[in-house]
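Next up: some structures, all given as structure tokens.
One chain, chain A, links the two complexes that follow: it is found with chain B in the first and with chain C in the second.
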Partner chain A sequence: MTGFKQIEVVDMDTIDISNLNRQFLFTREDVGKHKSECAAKAIKRRFPALNIKHYVGNIKDGRFDSDFFKSFDLIYNALDNIDARKHVNRVCISLNRPLIDGGSTGYIGTTVSILKDKTPCYECIPKPTPKQFPVCTIRATPDKMIHCIVWAKYLLNALFGDQGEVNFLEDIREELSEVVKNGDYKALATKVFTKVFDEEIHSQLELRNKKQEYGKSELKEEEIKVIEMLRKKELQPLDSTVFNTNPEEIKYEDKEGNRKDTEIWDISLYVQLFYKSIESILTKYGDKVGHIEFDKDDEILLGFIIACSNLRAYNYNIAKETGFKIKEMAGNIIPAISSTNGIVAGMEVIEGLKILSGQTSKLKAVTFSSKNADRVITSSDITQEINKNCQICSNVKPLYKLTVDEETFKLQDLIEKVLKKDLSISSPTLECGGKIFFETGDDLDEDEIEEYEHKLPKLLKGDLNVGDKYNKIRVDDFLQDFTCDIELHYSKVVNKDENPQGYIFEIVVEGSQKQNPSKEEAKIVPEQDKSEPTYTCVDQNSDDVIIADPADICQKTAVKRKSDELEEIDHQAKRSKITI
Partner chain B sequence: MDITRERLIQERKNWRKEHPHGFIAKPCKDPKTGSSDLYEWDCLIPGKKGSDWEGGNFRLIIQFPEEYPNKPPKCVFKPVLFHPNIYPSGTVCLSILNEDEDWKPSISIAQILLGIQELLANPNPSSPAQADPYLMLTTKKKDYVQKVREQVRTIGKKF
Partner chain C sequence: METNQELTHDEKTIYDRQIRVWGHAAQEKLKNSKVLVANLVSGSVSESLRHLALKGVMIDILDDRMLESKEELERQMSIHYLINEEQEGMKISEAFKQSLDKITQFAKISVIEGDNLGAVKNLEEYSAIILGYNNFSETKDLPTDLEVPIVLAKSYGAVGVSFCHLGSSYSFTETLKIDNKDMTKTTIYNDSKPIKDWMEHWLSFDKFTPKLLSRVRVKKKAKEDFIVALLITFISESQGIDLSDAKSQVIDIFEKNNKGALLEETSDLEKYLGDIKESYITPEFHPVQSVLGGHLAQEMLKIVTKMGRPFYGLYLYNAVEQQGRSFPPTYLHNLV
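This part shows the complex of A and B:
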């Protein structure tokens, strides 16, 4: 209706029943089908003249290469995570394609237009790190359910996840790793249960009594702090032996065997779920144990989190929550509201029309709240806010300095932690001294892929001799066209307390050709704590927020508006693309 | 040296994104370290369709000098092919591979390989590099064709 004639939609998700309340393109019959397909069909029914094509897949897949992106005049993001946003941003910047990024969290919606050299890119302003809770609150003095959930996720990692992750439950990992390896789930469950839900609470009770006996002077400052926090709390240790941990009938499931996630249960059922979850993890995920990562859509892992967080809540006399609520909190899910998404879609169309009609100096970043009480809309002129030293959209090729422990640092650490996590690189090629030592991509031969995979668990220095002669690693992203250099330094003593990741990664910003060449150093870890800029995407506080879905965005085709501006481009055949 | 590396990384990337059908070109793998050497590429050229070379695949090594792309790479057939424009060492004699002739830094690896495929099918008698095939081509064309076909069957089938 606004003149878009060719639209292609990319999405990897299937339709969940919970989507139906806000994604009007889908009906009950569509549940379980692919979103992109159903959205395309629904639109096609209403606008038969529209040429709409859909793809089921991840936008980071190799088939969505630069040729694919190049074929569009306009690209819309309707993504739900920072990583994919960075990826699309980089591809669009490298190909000089206009990108419109939209998002919503609850009542707040945002639209940002991104066009190389005309506006800042998505990465011009560093995104603030997700909200973190003080370690002490999580470890010793929780007083809200969310604290228990965060703790439960750490416990999951300490028992079954990667060691590289930052985790202050390392002592539990060390103490129990042998029992985990043995695979005797009954023994493991009992051991974990006794340690964390019983002994630990008992020792806190003791600590509290200790204070009464000795007075303040003989305690460490930290202990005093914990005691102060604990003073008002009612601590309730849990003794697993009083529960039937292996019941004949599982009472927390309905007749069809589905967990009753909409109800709050008796504490004994959480104990049973805890035992059952550990059994399931060890028996069903055998090989993956040691590398398990929490995924809110994994029923077994979610069960573990539901059980642990409620048991811990019981310990600290915090109100229990339903499994459904815990899933929402654990997955950082903020309810998506259809009216917010509708407004975002409308604003995105307007920004898109500005781009297509060449009015790039009028591009705006718009943020609004659609909540009745505080309706605000802020629109800011972003064209002046380009970061000249941005590693993505300026011509500065960044140089980083990486210091690692030569005795423990593996190729997979470099790839998974430094490149994928810290730099958001999706498909790296690594070169050092004229030799390519790692590549990835669908185009490679099977034996090549296998050979590279075989290298992943090897030590960067001891096994692969990277950095022996030359210490500069060239990193090139096959899909993003992002290139940088990493200067590699080995050190025997990377202080683990200060650098829990086990490495130090710093940026040495190279002055661009026009500027003075003096090197400016800025630490990347810990990340800069910048106050919220006027142009941001709303999901920055979480990696996993529900953002406008394809249906929401596709509705832009149904936006009824006709202005001179629209008619002007109406007759031009335009292609646009939506990534979700 | 940085320019050379950067260019070779780019060549590898371009090739991975798109290359002529039936051709192979990739940096040589060191079996010990599993790393590949950007300065030496292992290639396979299919004989041109419709020519006497059709049906065979011929292995070629490309060696890049430190001055690349200002200077052209050296292309060597392994094993050596019976062809008037290939030196007894296996090195290809082609104007676009000669610094003093038609080499341009903008020539891509794909262009080089296509150029060599063309040269196999259409030898250039005005700049001979190997005596026997040159003489045979100019005097006993039939025998030459037979020899080429034989080569397609023997060398060209190994890969």
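This part shows the complex of A and C:
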């Protein structure tokens, strides 16, 4: 509507029915199709003279290289995760291309512009750490519904998910894998139920009394902690035999057969749902059992989570929650409405016009929130706050220190966990002692690809001898124009319990100042004294991260940064090319 | 009055993400409430209309103007996203209904015949009215006994303006955090002055301008300069005089109050007047409409459900400064 003549859109996602309440370029017939394609078509219908092009794909793909980015005068981010935001930020900073980032959650929306040397970049201010829970809270002493939900997801993984994943319910996995294979759902459901909702609670009740019998000295410290926490709780074991697990009529469904997810049920109905879910999983998933991953839009799996988390909540005397709410917490759903998205889109276009007309001194970081009717839109000047120590937009070359367990740490751990997750690198090239030992990119030939694939599951020290002579690894990402050095240390003391990831990753800026490099480090630093073992628990899947409530986000935006809770923007233009 | 209809499973699925923002009760209230959208002369009104339809509220559209020629169609297409090139010859209200029916799933959209609010019977059956206007003086024709909350909207270049009047008595609930607990609080706004009187009051510029201007001097805040610039615009519209003449009226008042010298220092006033003046050349600046329209839809939602504190009085959005603020009716009044 403003008059942009050339727009290109990149998106990898498909349209879900829950998008239709706000993304007005899509209709019901479009559900399941690619967003970028449908959006481009709808815009083209309305503006036939507009030159609009779409791509289905991840913006981190190699085909969106520097030549691609260089061809734009303005780039809009409409992303929903930190990793991709960091990637686009780095590319835009390295190519000196203006980037406008924005997003919304509920009634709150934000917009911020990023211009090399004129404004701070996306990574000038460290991102907020996602909420994490100590393992022992999840495993033994939950006191909030979210703890029960996280636990329920681990249980789902332990019973039906991939064996390779880290899971503190390993004992359940081992004990029950045979029963799962048998496919007798009743036997399995009863076994699981009895073990986790009955026996385990009984044994906790015993543990609680143990302290009184033996006194402190004979117990391990962790046990004492657990006991002390348990003493504050009212524990209620559940005996499945008192419930009718196979009723004639399913009472938790309405007349049309839809689960009553907006209501809180009697505990007996959660027991029924538990049995029913296990039956459905075993009968409907067939070969997939053993590789099931939680998906909030899968009604059967969601049913399992709703049942398990409420049953566990009952065990620990925690208030029950509706299925509707549990879906939101388990699936990390960001509530979104069309009007906030429309507002963000409008503000982004305005900021974009300031950039194109050279009025960069007028750029603002803008926050919209209709909660406070008096001050609905607030802004602050962003041109003064560049972080001189930023690893991305300043010339500081970061040095990292990585301590790993030499007996277990593989090349794929280095790439997937440290580089891709901790450092948000998309296509790394690794060099040690002047020799490249790993590469990614579109220009590799098949032999090379095969060779590197082959190396991935090898041990970094034992098989690949990385770090034998030189302990510095040079990491390059040509797409992001990102370079850093990692000092590699092998150690046998990387305690798996303390560090579920199996490594310690730290940053050393300019040789002295230590900083928290990413969310990964935050979790491995115990809350209290280092000498005391503290379990921490972080889900592998970032989807498990819990969203702060809008009030928190408000505070975050007050420091002029969005967090990753921000949802997509429905003005659809992710990349705009402008010809005036 | 129709009986209250519950949400169907299908509606719960489509509206899932927004129900997570405002809850099932509010969504059900939206389903059973009707809003009147009248006089779609501003893109901010059509943006609000689009959002309200997507949110799932019943809507009546009142706008008898015809898309009679290709030129008129093109003009309307440059203002409204929802008007498209296949709609030549249609009534504006019907064109909007046609487009909205395509992008919404369950919203009940109807067309009302007539060319102004006076033609609408039973205004009381609406939960709220949203009204676009060409010229500020049109607001003088508003019914004085209107009890339904009404929102007026227009934008001037980089500036968006809206007025909201909630009727003589309006109550709403809001959730407040007190000692970390959610408490529901009910507030009642009592206001015996109809919107027309407020408008007249605001337009009786010379009564309170000296006071307002003295505050401008004290605070030297951009927002006050901005208000003065807007008041000049209102004066110019309502009296049918040039912006420059309206401005000299203000300067007169400045000088009468021995503030004339200070006016020269106020570069912001000139800047805002420039912004507003420019808007007469490009009356519809779409991103501003988008911000204002989105915001008004959100306020309408509060008004319809009576949940949350809506803005009340005057709302201003300045796209250059990226500031959006509302001022209660008494804000200007108290300056006198």
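Keep this in mind: the second predicted complex is superposed on the first by the 324 of 580 C-alpha atoms of A that agree within 3 Å, B and C clash if a C-alpha of one lies under 4 Å from a C-alpha of the other, contacts with A are read in each partner's own complex, and residues count from 1 in each chain.
What we mean here is this: a residue touches a chain if its C-beta (ideal position, glycine included) is under 8 Å from a C-beta of that chain, and two chains touch if they have at least 3 such contacts.
Worth saying up front: this structure is predicted, and the values here are computed from it rather than measured.
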item: Touching partner for A:S357 - first (chain B), second (chain C), both, neither; value: neither
item: Contacts of A:D476 with chain B and chain C, given as first, second, both or neither; value: first
item: Partner chain(s) touched by A:S379 [first = chain B, second = chain C, both, neither]; value: second
item: First (chain B), second (chain C), both or neither touched by A:T245; value: neither
item: Which superposed partner A:T340 touches (first chain B, second chain C, both, neither); value: second
item: Touching partner for A:G434 - first (chain B), second (chain C), both, neither; value: first
item: First, second, both or neither for A:T137, with chain B first and chain C second; value: neither
item: Overlap of chain C and chain B interfaces on chain A (superposed complexes); value: none
item: Chain A residues touching chain B - in the complex, by the definition given at the top; value: 65-67, 429, 431, 434-437, 441, 443-444, 451-452, 454-455, 464-465, 474, 476, 478
item: Chain A-touching residues of chain B, taken from the complex the two chains share; value: 5-6, 8-9, 12-13, 16-17, 27, 29-30, 33-39
item: Touching residues (chain side chain A, partner chain C) in the complex; value: 1-2, 17-18, 20-22, 24, 27-28, 45-46, 48, 106-107, 254, 256, 258, 262, 324, 328, 333-343, 345-347, 349-351, 353, 362, 364, 366, 368, 370-371, 373-379, 551, 571
item: Chain A-facing residues of chain C, complex; value: 9, 12-21, 24, 43, 47, 50-51, 54-56, 78, 81, 84-85, 102-103, 105, 158, 177, 285-291, 293-295, 297-299, 301-302, 308-312, 315, 317, 319-326
